[in-house]
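In what follows, a structure is listed as structure tokens, so that the remarks can point back to it.
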Amino acid sequence: MKIVAGCDVGSLTSKAVIMRDGKIIGASIIRSKPRPKDSADAALESALKDAGISKDDIGYIIGTGYGRDKIGFVDEVVSEITCHGKGARWLLPSVETVIDIGGQDCKTVKIDADGQVVKFTANDKCASGTGRFLEVMAKVLGISVDDLGKLSLKAKSPITLASTCTVWAQADVIKYINSGVSIEDIGAGINTAMAARVAILVNSLKPKGDILMTGGVAKNVGVVSTLEKLLGVKIKKARKADPQIAGAIGAALLSLEKVNGKKS
Amino acid sequence: MIVAGCDIGSLTAKAVIMENSKILSSSVIRAQTKPSDSANQVMAKALKNAGLAMKDIGYVVGTGYGRELIPFVKSVESEISCHAKGAWHIMPSARMVIDIGGQDAKATRMNANGAVARYIYNDKCASGTGRFLEVMAEALEVPLEEMGAMGAKSKEKLSISNQCVIFAETEVVSLVNEGKESADIINALHHSLAKRVAALARSIDVEQDVVMTGGVAKNSGVFNALSEALNIKMKSLDGVDPQIIGALGAALYAQEKAARQ
Amino acid sequence: MRPEMREYNYDWMMGSLLNVAAKVPHGTPKETELTYRYIPYFKSGLSALINVGPPGIQFLSLVAKYYENILTAREQGKKIAATTFCNTPAILYAMDIVPATFEILTAIGCLVWKRGMFDYMDYCCEVGMPETSCSSQRGALGAALAELSEKIDFVICDTPGVCDTNANAFAFASVYMDKPFYQLNYPSTIGDGRSQKYHIDDYKEMIRFIEEHSGKKLDYDRLKEVLREIDKQDAMIADMEDMLMLRPTPIPPIFNVMLYAARFCFSGHPEYTKLLEVMVDTARKRAAAGIPGLSAGKEKLRAFMCYIDHYTVDMNFYNFFEERGIAHTGSILTRNFRDNNKYVETLPGNTYGVDTSSPDAMLDSIAQMNARLPMVRSIRGPYDRNGMWLEESLACAKLYQADCVIYNGTPGCRNTWGMVKPFARDMEKQGFPTHIMYDDAFDDRVEAWDATRERLDEFFHVRGLL
Amino acid sequence: MNIFYDAATKVQSQSIIDWKAAGKPVVGYTCSYTPAEIFYAADILPVRLRGIETEGMEVGDTYFGPFICSFPKCILQLAGKGKFDFLDGAIITPGCDGMRRLDECWRKAGEDFQGIVPGYFYYFDVPHKAENHGMAWYIDEIRLLIKSIEDHFKVNVTDKKLTAAIKEFNKGRRLLKELEDLRSGDDVVVSGTEAFAATVAGTVMPRDEYTAELKKWISSLKKKKKSLSEDKKRLMVVGSVSDEIDLFQLIENTGKAIVVAENLCFGIRYEGNEVKEDGDPVEALAQHYLGSSVCPRMYGKYKERVNTLKERIDYSKVDGVVMQNIRFCDLHGAENALFARDLDKIGIPSLRVEREYGPHIDAGRMKLRINAFLEQISGKQQMKKTAERKAAVSA
């Protein structure tokens, strides 16, 4: 029996995926704890419970994500860029370009038919193109990140955020709240600002083929739909699983390849 | 005539009530979401402290980033002018004030009459402001008020290098993960902030005496680190809460304007 | 870049817009109303131009003409050279080449479109240029890289030694579009024999380059005509400069941008002469009648822009000056450094003259003139050296009796941001309250105009100027 | 090796201390367009100025604006903190705009911090073009510099001494070429970190000592058998100015890569060719320094540079190129984009990263990118192998 797992310890959330014969039998997403090791343990435990198996049943585990070097139980670590590529391919076999926006940064990855990374770019200049930006803004608006995305759908005239610095943008948002602008218009403005920054990064990679978004921000419909507008293409939806766990899926798939001895 | 100054900042709201250049009472509260609420509440508190009612106040000047939204003011003044005026009133030997609030950091130079000679704001980044400390305090789960004292216990020298507040927060989190002591991290944060602000002050020429105002002045760690970075002894506004200096300056403006009326 | 942006030919769109704008003042009120409805983001800018009377109207047609030249260059069998505002187009006119000056094209786009030139600026980043490079080229350059503007034939860059980010943008363009490239390079000194000689050698080399890539020989008779035109133009510019000294000055703030923008477009060309004639005429009449340049009527303050102006959104910046009663006493772009000008009296060795007596004299004249265009003249060397930025700014601020000095540029400007803090400190020591603006002259997204205005107001207020 | 490491990782290294102790002057310079041979000929120690060991940026930020590359800011910071007190002179060059403004910023800082500006402070005006008049200008500049050094330091720089200096420097250049040859083989016996440290050391050490040490070290390397490159990706580092040993260490610490080549200012970018040893020495120096157009500050020479890059990649059998640029470095930032595009066309993978200059900043982020890049390269090679195997089977 080939049971494998992948564990993705991100800055905001930690994810674990357990697979048997290439099918997900258990998955989890938890809020990251201060210590990456604890996050990994908790995520794996929760996924094991979901799958109803014990840790000893797992043949191979690959760790990924920003805290990957601190996970206690993994056999190997692989970068999240590679894992998201793999995971995305599994979620949607036709995908050629992956946009992964997590809490810490934003990456665009071009992959081949194997899910192998051909090229990638990553933003690291400023927090404003990352999920963290949305978190900070959601907090100011007093809503959850889950709801932030939906605000765009109801907006009438979205605000324009002038500042790219997350902390300043926060101040701008407070100003708008105080001057009575509707929360929908503010939310939409936030999502648009985010999408605009991401679009430049994506375009710099000259995306082609089907595009899939992974990472937590893929669940923000406001960002996704604005990004579609800016890129002029439809972004495909992942139906097989939550796009936020794409990295963990990729790690599990790489584990599977490992136990199958496909790669050195 | 009794006058007042009201300073609505991003984190706190401050009010000072004054008669014949004497402070009758003052108050500091956490800012509410709506600046007008902050203003009403902070004013009510100050009035209560002084045993006065709003009708007793002849003139109110507003300042701070929410100044345009204060319902009861007669006129407004910029924070630059107010902090300079307030600081100079307390300490006429002051030639420079360094005000670090929640939103920005400013250095202002004054001439012998207390008039503003030059001023400068922090660059286009929040890393030199009080907000920086707020975010870090939250990440470290330490109350803002205790940061100064905690930082003083530092033994190991660390450094925080990231410019972006959000990324610096991650840097702090990794230091925690590496098992570094909070005291050491806090001390590093104070120095990092102080160095940024020192560059600001220096670029318009530092002239003694230098005083510090704004909420961050209450943080002894930043105060000392800034003195060190500037290589001078900054003066403390003994006895007066540095956080109310903006409101005090506004009250002084109110006095002047009322006299001119 | 958003896909729909790719469907419009940027040049053509801009050309049509400007063409319409140029016709507005000649239409009936009803036609005017109708046109305004179609250009909502250029409405107040356009009316501001129209309101200054014949000079504004002439200026509109000049800009339209400039665009038309680019759009019709191919039909007329002319080559297009991509170049910078630091390079005089006069030589190109003398050689029958059409200039496409990136900074001018960017500025115009910024002034007339809702989204300014943002999409094009971002496109440069999409193809790999750093987002920290200067926005003044990135606008028009983006359109060129995306192949949305008329194809250029070669690149003449005029800023190596003066501004990296500018030079770099042109070098990038030439590689990316695979077009021949020439760089005019500047030493860090001016006025000494060595650098004078260097300028002329470099300039001759450039002419050889243009000849090679355009297949046209420089015709000295035409050059003579162009220089004579410049002579006329310089005299009129000097007249305007003199009137700027009057208190109150009869020169409206907007005249400043017209003066230099038109010079960058049409130096040595009769188009510019025509405009200057109208400008001088209007200014003289105003001066004679004692009408101040500011529509507010009263001149409350005189500000000197030590660097460039602010070009985003509907000429807000100039309107702001008008509303506050602030006279604009020029910027680094305004001055031309022709010998005998007033402000050069304290800056010997920094000027050029026009001598048409021989081919060599002509070449030397135009080369030395080019070496004294804005930026390449005074920010080539350390700012506190002889004749450089500090001296120039002080000379101008004093001569035009400025009450304060304002720096405005772009975050891309390594060159000035490298030392503007010490510069401002020195200006202050000389008694000029100096304000550093932290916005981007071409990109509103860096700092919204509202915030910029607030900081300006604060400066005027806190420093007791207004 | 230790002597190189000491020199490469300390602003005030032992060899500088020893030199000063002998009572001889030290002159700092900021850009590799300064012919260091001149100083050698004057018995002055030329030291390339660097920004390592900075803590904080309060001095740098006081004078420079916020949108400036952190490298010159770090130099100013060190100067302000007295870390360059050992300098008797400094040469400022308009390499790029950030660097040339170091002239004003340093002098202005000197008004506020006593004694931080060396007694000899010289602006060396290097043009951006090497053709005819550009070269003539540069030759004049060199002669003016020599004259000024002679006057200030009361020395005599003769053509003979210059020629001797060129010969001595050329020895080092030949040795570095040998080092390159060693690294280009299939089995590389020296890590990129060590090799880079040795190269950087050459910019700050007394040349005789350097040449001797380098010679010793290289002959010891030649005896080494243990291959460090087995199962590792062969990388090359290019882009903005760098003297950071940490950067190389970070890459090699992944355990999956070895740096076999670089094309950096401070690295061997300049050491490639020898200076002509006959004829007029000043002209020979000028031809070498200005003529090779290795830095993007030489506008319009992109084609030459991309060709050199391709040759090096070929020669050192590079699997992938790490292109870094310091934030606000337009020159290298834009050129990296063009490099990436052109290398892509010939199937060489590259990674572009924008970063801050300075010790250990953003190490985590950098590590992630390097790792992902290495995974990308191995996947690519894996595929190539599979394809080859398949082709072999079907044949």
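Note that the chains take the letters A, B, C and D in the order they are written out, and that residue 1 is the start of every chain.
Throughout what follows, a residue touches a chain if its C-beta (ideal position, glycine included) is under 8 Å from a C-beta of that chain, and two chains touch if they have at least 3 such contacts.
Since the model is a prediction, treat every value here as computed from it, not as a measurement.
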item	value
Chains touching both subunit C and subunit D, listed by label	A, B
Winner on C-beta contact pairs when A-D is weighed against A-C	A-D
Separation of subunit B from subunit C, taking each centre as the mean of its C-alpha atoms, in whole Å	42
Cα-centroid distance, subunit B relative to subunit D, in whole angstrom	45
Subunit B, residues touching no fewer than two other chains	123-125, 167, 203
Multi-chain contact sites of subunit A, meaning residues that touch two or more partners	125, 163
Contacts with 2+ other chains: residues of subunit C	127-128, 411, 421-422, 425, 446-447
Contact graph of the chains (line, ring, star, complete, other)	complete
Contact footprint of subunit C on subunit A as seen in their complex	125, 160, 162-164, 199-200, 203-204, 229-233
Residue numbers on subunit A that touch subunit D, as the complex places them	66, 78-82, 105, 112, 114, 116-122, 124-125, 263-264
Residue numbers on subunit B that touch subunit A, as the complex places them	10, 33-35, 65-66, 69, 103, 124-126, 129, 131, 135, 164-167, 170, 173, 176-177
Interfacial residue positions of subunit C with respect to subunit D in the complex	127-130, 132-133, 157, 160-161, 163-165, 167-172, 174-176, 181-183, 185, 187-189, 194, 198, 201-202, 205, 382-384, 411-422, 425
For the subunit B and subunit C complex, residues of the former touching the latter	78, 80-81, 115-121, 123-124, 203-205
